[in-house]
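Let me begin by presenting the structure, written as structure tokens, before commenting on it.
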């Protein structure tokens, strides 16, 4: 089993249902080996602050598996390679703090870092590993766009939430004979839109991987009208891509409501003459309790990350390859984004069901 | 028990979870008395169309208690007193069709109409009753703003949905240290905002009955900041009323996303310097399966309406006066809107919990 | 506002969803008045132990509104008037400890006790009040059987859970053409069975208030069979009363599974020749998060109890009389049990829908 | 695309959430190819009855993706190789009807059968295929015990339901300081118990694959007691196997409530002196709406089965090999049962979390 170790855990990027389950599994797995465990608040910069390194005990991880958010308090996008620092002249300049972060890490006497994060955070973890930081990555994104792992925790919870919303909207869409446009997360990939759209039996699904034409979308609305189906449900990823255009969020203030769903509502209404209503699910998709399967993925990832540390397998990311959890090099995980295969069997199933992708 | 009767059921206005339960209870109550029952599509105008009057049988109401929407297909806001009719010169003029509607009703041989609707539809029902239509009203609104009844079906379902959304947003608000502003339904009354805000432990609740100042709202955000609570949840009714101002929806295209919640997000962010995010729950609140208690209210209303018809008690609305269902004159029901009592015990409880109303 | 007070809160009997919301509202209401608040573990006997009196602060009641269980750790049925005490000869004798409890209470310097409990606990509270203890009662039972209050918190949550279970069983009952018997809580009253049975569209509902004959129950099963409905859902309260008999739980080891539902399954199967399956929901009904409405009732009760203390209105129980919360003397609350009115409109609605009570 | 085909769909064995989604996807996939589709009620024997073969149209599969049960009305365990037939002397003898079933199938002019079923039904499908029936199998079991497919639809829904139940029981177990024993489905395999037990953070999980000793189970209860954790949650599969013994259901009338969970409750209570309560989730696990992921698996299976028919790939079962759906020979699928790998990473994760398997 080797000698006792001292490990640190941090999280980067947006929250995802299951974060606490990873932290709990990693903590208990380590404590049960006789190791010490610490949580780092504020991602990497917490290593340089006195009060941001908190011991993780059995008590601190008790009863948190099903809780949303993170007991580490906040997630953070800070990049130690590009820390914004105010200069003497008042301007802000990005400074490379990576050496300082690694020095602080070593000074704490940590044997390894378990870094839970999305593509941005995993890239940072990889780059720090290249500079000597002993790190194991755990993929974390509700977007499911990290390569090498069949699923990421939080993703199926988001799909469940979106599907439930689409289920609800069916009855009101039908009662009012309207077009309802539901916007779900996914700026670069359409996983949530595709999965929730098929499970919720949407009529049209718009994803970044398959450019759409508004005419094709409206043709579907009108075809349903002719068949006596006076309502239509459209599920659109934030990054839904008009043919020959750019995604709505790219040239808009993305903090605003009314991204692609509102634009689509106006266009569909103008072309078809039907009432159209937009709804953006936004943060509803990432809050709350993880589904049982997401808890399992998260717990398995947390336990697997500690096993990696134990056998000194560093610079890797844990990944789900059902029914197993295995590892891939961090370098592999950050090479590309996992996009929806446009000839894969979920898209094919959707088309067989009569769902339009607006293409 | 009296002689067999022939009754009609229609619905007006937006859909509300529980509509189908009313229809089922009224239908079975009538059929079990040996009566005939018909559903009228398209509210009143369906009486004048051939294919809009459908017999309601045991089979047609089987298994619908828990379904959202309405088996009558559509709800409709058409007003027989003000039907828009195209004139020879191409212009549209509102014409009083009420006599024609009543004549059509009588020609069908109906003994009574059970009219399920909100304030607008109940007013029409009342006015038609004054002109001789034998009608019993059933209150239907998720807004809970009809006087004379403790609750309307659909309201508590909407509160449940909004509360669950607020629950979810807590974890993500805390993880990102943000202000989250949730917009719920309620243009004239704050029932949904008040009930879901208290149940979901919001920090600020903004309702039409209590004008707010943005400074007071921001003071609450900053006070929490000082206490180490780096996030704030604000629940706002659509019709939240700025002191000395008008509700946002009054001077906006209300079909747009981004009503009061988006305006508040911009203001709060500008004043406090905190990140703020808006989410409008919109139609999510009125779709889907009614809660068990809403099903009960709806079923009791449907059964009670048939009892009214049986004892020739017409021109009334069924109402909940826990633990009983009773009736009030339609004339009473439409005299005013039931608004949140600003010194009532729910508001008092909210204040005792430290919740701010921005006043 | 009066002078600052020091109050204690305890809970007795089984847990009910909403307990934590009462504790939170009472605590915050008191703290916001500048009072001191303490929680007493182990009901009354905790007053005599050193480590059972815990200060309640803002931090201790943060984020607990939606949590099931109770932060006071345990509930307890101990009766200070009848404490089992081991005698010198080894035998157990019940001893009246009430004076000692009151003395301990006074020694702590408490101004009032907020006692949250069901009929047993409220009776103890009443008897201690008669002996001088300054007490305000808060009704707590998922059974909804306390008189004077329209609803008790936890009850509608239990109804929701039972209704959801009945909903689920419909599809499997139909697919397998079976009789499914669902046993819900209610030894003396049938509130949960009645409400969930009507909301879940059971075919037969058996409650203590309406004695049933097994022949009548089976007649309903067979009548459905003749109509081509090859499945039947029966909802039975634990205390369902056979005509001329006694409830099953009265002559059984009630810790066992297989109370009335199993007996009914055997009888129905023997008489009708149909496959019958039993399921007892048991503790599923009292665990988990309270519904939004139950949270509201609980929060309002907690806040109202503190108002009672403030105005020295003691010896009372807070109660819901929609839309208000008011008080009734504890003496009234314990005089009888609130049973289902057998000619009330929920039973009448059920019969109008064709539901049999086996009578 | 080949010539138009005429296909039949049947279902065998117990119902599973997702059945309707398979039927819908297969039906729409076939109709969109210009094929004819029929549903066979009563599994195979329906082929020999006039009124048991129903055409499946767009209308008959509309809006059923999220519904539990099966629109084919009933599922059935009848085995055409062993049909019980009454003999002239009144005795019942099993007769091989397989030739008659195949003849009836051919007489109907069907090109292929899509057989949705569990291990028993798939074995029958395989044996009929060996005799010439053109069949494609779709795995259906909430037990997840069919080899060759990573998951079966319905399984994760059952896990979700069980996990939610365990979540609920935590608060009441803690409030009453009890041992709660939850019995879930799984006579031969422990998949549901393992997944829900880990996701719901049980303390002890008992599965058929890992024999347990009651002493070891009680040791865990008492160890928790010593650590101040006065409650314990035990999740037991129906087929939990005592060391050197037989599963409880094997020598009991399994239609009774109170299988392994009740036996365990008595034993644990006797040995530890703690109150213990049993609850069997039974049919709650298989009713109701499938989760979004189960809907997806089911829809993909239905669409994939039609693709098999199109390319004349018969005698196979569709299977999930994430992220793809592929096929395996039926002969492979029925060779063995997929059991929990006792050194797999879910069991390892459970042990790392401190969960006992009673071994």
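Descriptive notes on the structure:
We call the chains A, B, C and D, going by the order they appear; numbering starts again at 1 in every chain.
What we mean here is this: contacts are C-beta pairs under 8 Å (C-beta built on N, C-alpha and C of every residue); 3 or more make two chains touch, one makes a residue touch a chain.
Only a predicted model underlies this, so the values are computations on that prediction, with no experimental measurement involved.
Across the assembly, the mean Cα position most removed from that of chain D is the one of B. Distance between chain centres (mean CA atoms), chain B to chain C: 31 Å.
Rounded to whole angstrom units, the spacing between the C-alpha centres of chain A and chain B is 36.
With each centre defined as the average position of its C-alpha atoms, the distance from chain A to chain C rounds to 42 Å.
In chain C, the positions touching at least two other chains are 164, 167, 170. The touch graph of the protein chains shown is a ring with every node of degree two.
Chain pairs that touch, as defined above: A-B, A-D, B-C, C-D.
Across the interface of their complex, chain B is touched by residues 14-15, 19, 67-70, 73-75, 161, 164-165, 167-177, 180, 230, 255-258, 261-262, 265, 277-280, 282-284, 286-288 of chain A.
By the touch criterion stated above, chain B contacts chain C in their complex at residues 24-25, 28-29, 32, 63, 65-66, 150-151, 156, 159-160, 162-164, 167, 170, 195-196, 198-201, 291-293, 295-296, 299-300, 303-304, 306, 322-325, 341, 344-346, 348-349, 352-354.
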